[in-house]
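In the two complexes below, chain A is the common chain; its partner is chain B in one and chain C in the other.
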Partner chain A sequence: MSRAAVSPMLVRLAAEKATGALLRDHGTLYLVDGRVVHAESPAAPGVDVLLTTGGRLPREGWDEAVDRAGAHRAVGRFLVDSGRLHDGELEICHLGAVFDAAFFALSPTSGPTRFRYGVGHWFGTVRPVSAEAVERETVRRRELLDAVWPYAAVDTAPVVPRPASPGQTVGARQRVLLAAADGERTPAELARLLGRPAFHTLLDVRRLAAAGLVETPLAPEPAPPPQAFLPALPVADPDIALLRRLRDALEAHL
Partner chain B sequence: MPGIDECLLEAMALPGALGASLVDWTSGLALGTAGDSPVGDHETTAAETAELARSAAEFDSFTTAADGPGAGPPVEDLIITTRAGYHVLRFVETSFDSSVFLHLWLDRDSGNLALARLRLRDLAERLVLG
Partner chain C sequence: MANTETSLKEAVTIEGAIGAALVDYTSGMALGTIGGGKELDLNMAAAGNTDVVRAKVRTMEMLGLQEDIEDILITLGSQYHLIRLLKGRGANGLFLYLALDKNRANLAMARHQLKKIEADLEV
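Let's look at the complex of A and B:
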């Protein structure tokens, strides 16, 4: 299966081993030597939310790390070196956050894509990932969502639970999600509330919708078909042809 | 205090180890890989093992109240034996919200399933506890 590049600019920047920030409508990717070292998107909870929501790190611990190491672009490293976090935890959490934010940052957009050479992120480098791997995973995630339940309307609508059928069971993670769904919160808001990656929440919502446990909103009215145009008649200049016929007809009556 | 790569390298040092990976079972993403995949593509294997792990982690029969409360799923590991090999999937419990497991693929003749299971448990703990 041939796949179009998610972002041709990202492919080019990876090839030229660029360092800087790739700014798109829905988020930003940070590159060092052409590899993705960080990503953020307003749609995806950051590492701070993931670590503090579940109580793994007190908010003050995070703030102090940013204060002390942000200027050196080494917040991630500082969290480990100061004993707040273990290497494996940092890598698992940060990689999860990077692929999550990248999924939204690389979502289809008509807006401009810009690259600021040399710009780095204060979190610092943890575990660089090839741009190709990020692109491939982003495409895989899009396909996975649609394979589960091809109704993108559930991604952005408030999550409205539906009663389970008799005997129908729900996994523990999805039970927590359903319990937090008050009929108003969207998947992105639920992700932030629960301290979970946003894509994981989208996927769980689609799985729940496919199981009939979450409402699937009606798709918006399809846009009216474009105005049908009559095929142009092969007449060089219809006005002149008409005028000639009128003149001929009038002369015939003289 | 190992990171993902050190952890996978240690798993690969086990007798009969053919491939190892750290996989997120909600999304099917491979966070790290070492050695080979049974199908020649770690990403495919990650997506497939993730489906298996997710079922085990979420089906009621494996997550009854008898297992007591805890942060992660009560399932500890999954073992698949095939004619030519062993697969051990070990859940990693983190104190923030995550859904990851270690997958170790072993050669049936040279691998030691009991040893691999114990070492993987140890590695899964050290990965997040240092």
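Let's look at the complex of A and C:
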């Protein structure tokens, strides 16, 4: 299956083994030698939220690590060396956060994409992943969301729970999500509140919407067809008039 | 204490191992894979088996069984597929996935070794 690149610029930077920060509308990817070492997005909770919200790491422990190791870009390393986290734990949590943020950072956008050479992230390198793996996973995630429930409107709208049908059951994780949905919080806000990756929350919300347990907002009205740029002048030749009507009819179907 | 790479490397030293993966079963993403080769696409196996795990977790909840799933065994004509759920503190829905050649594997030994790898990963 051939797929268009999610970001042609990322492909190029990976090929030239670039080091720096790729800035896009919805987030930033940090590269070292063309491999992705970190990602951030306002839409996705950071490693700090994932670690501290669930109580795995006290907030002060995180702050201390940033204070002491942030300047030399080794916060992740410090968390392990100081005995706060196990090696595997850090790696899994960080990888989860990177793929989560990358999913949003690489979302389709019309905005500018810039690359700042040489810029690194203070968290430090944990386990670099290939740009190709990040792109592949991002595409897989998009397709998974649409396979579950092809209504993207639920991703950004406030989550409004609906009553369960008699006998309908909900898993423990989704129950917690529904309990936190107050009709105003969006999936991104719920993810932050619960300390869960944002994509996982989107997926849960789509699954719940597919099961009828969360409202699916009506899609916005399709935009009215654009007006023809040139006013149709009266023409004498019936062939031209016919051709114009044909053209207008065809354009209306575009 | 191990990281994901050393754990997976250890998993494929198990007698008869064809490939292994560490999988996040909420998203279906393989956090790491090793082996597999042409005959077994581990990324696809990871994504597909998340549905197996989610279905079983859900069934347990519906039945009101307050127990954890230790592992799930799938027996094919020529392979064993072993799924071991991680239950450490930070483990938010992860499993180890191990594909074994049925003719070369010792199932009891493989389960025991996989359990040890899970404990060492300490997530």
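Definition applied: the second predicted complex is superposed on the first by the 227 of 254 C-alpha atoms of A that agree within 3 Å, B and C clash if a C-alpha of one lies under 4 Å from a C-alpha of the other, contacts with A are read in each partner's own complex, and residues count from 1 in each chain.
Keep this in mind: a residue touches a chain if its C-beta (ideal position, glycine included) is under 8 Å from a C-beta of that chain, and two chains touch if they have at least 3 such contacts.
All values derive from a computational prediction rather than experimental measurement.
K.L.:
When the two structures are superposed on chain A, do chain B and chain C clash or fit side by side?
P.N.:
When both complexes are placed onto chain A, chain B and chain C end up clashing with one another.
K.L.:
Check the residue A:203 against both partner chains and state whether it touches chain B (first), chain C (second), both, or neither.
P.N.:
Both chain B and chain C are touched by A:203.
K.L.:
May I ask you to decide whether A:53 touches chain B, chain C, both, or neither, giving the answer as first, second, both or neither?
P.N.:
So A:53 only meets chain B here.
K.L.:
Pick one for A:108: touches chain B only (first), chain C only (second), both, or neither.
P.N.:
neither
K.L.:
Is A:137 touching the first partner chain B, the second partner chain C, both, or neither of them?
P.N.:
In the superposition, A:137 touches chain B and chain C alike.
K.L.:
Please work out whether A:118 is in contact with chain B alone, chain C alone, both, or neither, and reply first, second, both or neither.
P.N.:
neither
K.L.:
By residue count, which of the two partners contacts chain A more extensively, chain B or chain C?
P.N.:
B
K.L.:
What is the contact status of A:194 with respect to chain B (first) and chain C (second): first, second, both, or neither?
P.N.:
First partner only.
K.L.:
Who does A:172 touch here: chain B (first), chain C (second), both, or neither?
P.N.:
A:172 sits against chain B and chain C alike.
K.L.:
Just to be sure I read the superposition right, which of the two partners does A:88 touch: chain B = first, chain C = second, or both, or neither?
P.N.:
both
K.L.:
Indicate the residue numbers of chain A shared between its chain B interface and its chain C interface, in ascending order.
P.N.:
54, 56, 86-89, 91-93, 95-96, 99, 127, 136-137, 140-141, 144, 169, 171-173, 196-197, 199-200, 203-204
K.L.:
In the complex formed with chain B, which residues of chain A make contact?
P.N.:
50-51, 53-57, 86-93, 95-96, 99, 127, 136-137, 140-141, 144, 169, 171-174, 194-197, 199-200, 203-204
K.L.:
Which of the residues in chain B end up touching chain A in this complex?
P.N.:
Residues 1-4, 7, 22, 24, 26-29, 31-32, 43, 47, 54, 57-60, 63, 73, 92, 94-100, 126-130.
K.L.:
Residue numbers of chain A touching chain C in their complex, please.
P.N.:
Per the touch definition, chain A meets chain C at residues 54, 56, 85-89, 91-93, 95-96, 99, 127, 136-137, 140-141, 144, 169, 171-173, 196-197, 199-200, 203-204.
K.L.:
Applying the document's contact rule, which stretches of chain C touch chain A when the two form their complex?
P.N.:
It comes out as residues 1-5, 7, 22, 24, 26-29, 31, 43, 47, 54, 57-58, 61-62, 88-94, 121-123.
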